[in-house]
């Protein structure tokens, strides 16, 4: 039985009807990636919300930070694992494979990050991501101090927190709309 | 023992050092509300992230939508109740009191929304908010159909989902930073 | 939509038909508080059970103890928060406000006691209350020793345990009957 | 390794020092049962609290009710199973064996009541007991209507609720004090 | 109402139609125990699977090991308690009674092993059994080191793990088929 | 940081020292697969237990059954997803890819089977696998009837149950020993 090929169960508008700035984004994605990520298509149902989502995404994942891009993608996958979010596990699992050149690291983040061999700093970041995702009400000074003890600055902790928070948002948008990832993600950097 | 008066455990920069656009926001808040919401102060540690957060907040909570502003605030409080987020329960509990003129409704949303007298549409929205917050991986077609059955359109469902998703983000920022709400929220519209 | 004004979903007998001793209680409540707490009305469906409930309540909450009345009310609210009991959160949240003169303390107990600034003794008592409420089977010698280490005597631990136990009883009576708190509780000591 | 023979980890006062009324209770227990239930000894640390506990216990478990004494004991064991309370499972498991003459029924209530062969009324009562114990905040009109549909009156529902509530209290007193049941309970009515 | 007397809800074939080797097992059980354990009858629906199950069972529970037979039965009961498996709690609770000569130890393992008086080695084994049963994804080096610290060798840990794993299998076969234990188990070694 | 290359944290004996029958298994694996699955190496610490494990594995996964081999592998992955077992998700995710020729189906089973497009029979089987894994004590007649309603025979239900049960065993052996899957599994049938 062929797997689903819808993008979002709430429907997706014709991209030709989008405003110029968004059509420019679509073209840029096609040029650079060869496809438009389905999360953009799903979100284009409400164009202004898509703009806000992209702005936040770019800042959280791509701007300067004490956390490397790979580390932020690892956090993204661990949060998505806790929330069992298919879209984000596929899309950001691919990103971990690409950025690390290590396909097994992507699988470990998705299935159970505790089996991975990580330095103390990364392990502390992922433990924090899991706790802030699953029991945010239990986070307290001891957790922040634990991050400081492995070298995170106050702004590093802020960036880590916002990465966790952002994927708690995007996981829920994906689950609420039954968003399907583009097929292309499955093929990215599988061999090492 | 006097209760905490920090804003964020990650520290808050001097507002006088912020860029002009943000200082304008500060002034507007002081004019309109009499105070700057602590979430802005806490987020100003990373100014561009604050701008993105405000843009998303304004769109999700204040733009045109099939969900009334009160309904969006009710959703905010129910999500924050599931996540036991002190900051958002205080700040958005106040908003429910203000918008509804009904202090008990705010308490019910914060403590256990199931005791409130709601129409079928609102009850379905809040049940969806609870499920999408606590077990997003279980949301499926039946849940979306349930919302359609009480009159929500596809874009209404999108707006509901993003409201839930947004407070799953902001609850985690508040818990990660131990963000304290402004004292003023406690006093807003308590009598009816 | 006006909020519920029933007292209990199992019905409430006419207070004029109650025995003399209970009618005396009703009169005393009206004199002292200006209203009869709805938990009494709800329980009067079975008068002897009401008598036993009041006797236990008075002993647990009002008799001499190494725990102050405020501390017992704080425990009451934290237990009710774990059990998400609307009636008890409203009624005993008001008591915390009254006894402490600190409205924010009441909100913190109801929403997430971990954000409050407490001395080690109070924090240990509330952690014990949470654990004994949510996972009683895990309570062991280390928990009792933790209470002794912050100064509780054997009878203090007994009193703490019975306060927790009693609200685990009354939370369930309130949830089983959908008991609604008197409107008066919402107004008590809100400003500080 | 011999099993524990303490009564309560908070200590037990010398029964000879108790007030006359309580020493009369002790004598009556010895005459009727051959032993004083350890819950009385443990509670005698605070004599007035013991009196209140006994009054409530006797009313809930032994007074006239639409629920038979066996049914109330079955509820007691199911609540204690959810809370994994050793003392109450042993003491009230013995009561189910005695009252039913069916040792396997007692084991089923303690281990997993869902495997027992019960009429619809009893099954509905036990399902309600489990839900009110483990997730009281989810109890609503549908649950009460379900009990009415199998024949429970409003006062039957009240009695059922209070039985559940009472064992949520006593389970926590037993766990908080590490209360050990009298050895005699293990032997009562094992063969059939 | 008489309790269930089915063996398995999936039916049980006539033992006379079984192959010679299995009929020999049946005869041996009748000779030695006086009955054929219902788990064998239930499993005989697929004879080869029964053979594999018996081979694994005999190796795990009866072969040479650094864990005594009693310790393996204690682990069996604790796993079955976590999984609330009626069949295994009855059958292996009887085994703990028989092997220890201590009926209360059996009850403690079934109801809440944390109340039992155990040496550090046994307590560590049962804590590991509980964790590996309920949250296997959290087991890590610290757990294995904890077992080594109380004297378990690498093969002892292997044997412990397989005992836990095996009862996670058999508990699920019992629950899936609503397997009922033989009445004989209830009577074994109750008095001490 | 290179990922772990141990096989089991409990150590693995030199395969040259194994008995002839096991060395024959090793040779057959090398011939057929190009590698010896690490689960065999890990289990060879106790050779007789390995033999029993292989016998049960072969019967459960490879013998004649009303469930296809692909379906049994899908069940294996869904159970392993519930238990977040890295070894089994990698090894049996590869098997789903190989047998279905559909890499996305493997990902869906591992991340959240509810997003997959399945016929009613397969969906019912996977829902049963999830429930029997996570809350075995809640499985009852309605669950078995649900399987019958989509066409499963009594022996099909038995086979399904044993597949679920077997992976609840093997997931725990993998977690208890921190078993690492062979690198080869990651590469099998990724492109489609």
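A, B, C, D, E and F are the chain letters, set down in written order, and residue numbers restart from 1 in every chain.
Just so it is clear, contacts are C-beta pairs under 8 Å (C-beta built on N, C-alpha and C of every residue); 3 or more make two chains touch, one makes a residue touch a chain.
Worth saying up front: this structure is predicted, and the values here are computed from it rather than measured.
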item	value
Co-neighbours of subunit E and subunit A - touch as defined	C, F
Between A-F and C-E, the pair with more C-beta contacts	A-F
Chain separated most widely from subunit A, comparing mean CA positions	D
Over-half contact-pair match to A-B, picked out of the listed pairs E-F, D-F or A-E	E-F
Size of the rotation, in steps of 5 degrees, that lays the CA trace of subunit B over subunit F	120
Rounded Å distance, subunit C centre to subunit D centre (Cα mean)	23
Rounded Å distance between subunit C and subunit F, as computed from the means of their C-alpha atoms	51
Centre-to-centre distance between subunit E and subunit D (centres being mean Cα positions), rounded to whole Å	29
Whole-Å gap between the CA centroids of subunit A and subunit C	44
Multi-chain contact sites of subunit E, meaning residues that touch two or more partners	84-85, 112, 137, 140, 178
Which pairs of chains touch, using the document's own definition	A-B, A-C, A-E, A-F, B-C, B-D, B-F, C-D, C-E, D-E, D-F, E-F
Residue ranges of subunit D touching subunit B (in the complex, touch as defined)	137-138, 140
Contact set on subunit D toward subunit E in their complex	1-4, 81, 84-86, 89-90, 102-105, 107-108, 110-112, 115-119, 178, 180, 183, 186-187, 190-191
For the subunit C and subunit D complex, residues of the former touching the latter	9-11, 45-46, 48-49, 52-53, 55-56, 59-60, 63, 83-85, 132-133, 136-137, 139-141, 144, 154-155, 157-162, 164-166, 168-173, 175-178
Complex contact set, residues of subunit E against subunit C	112, 114
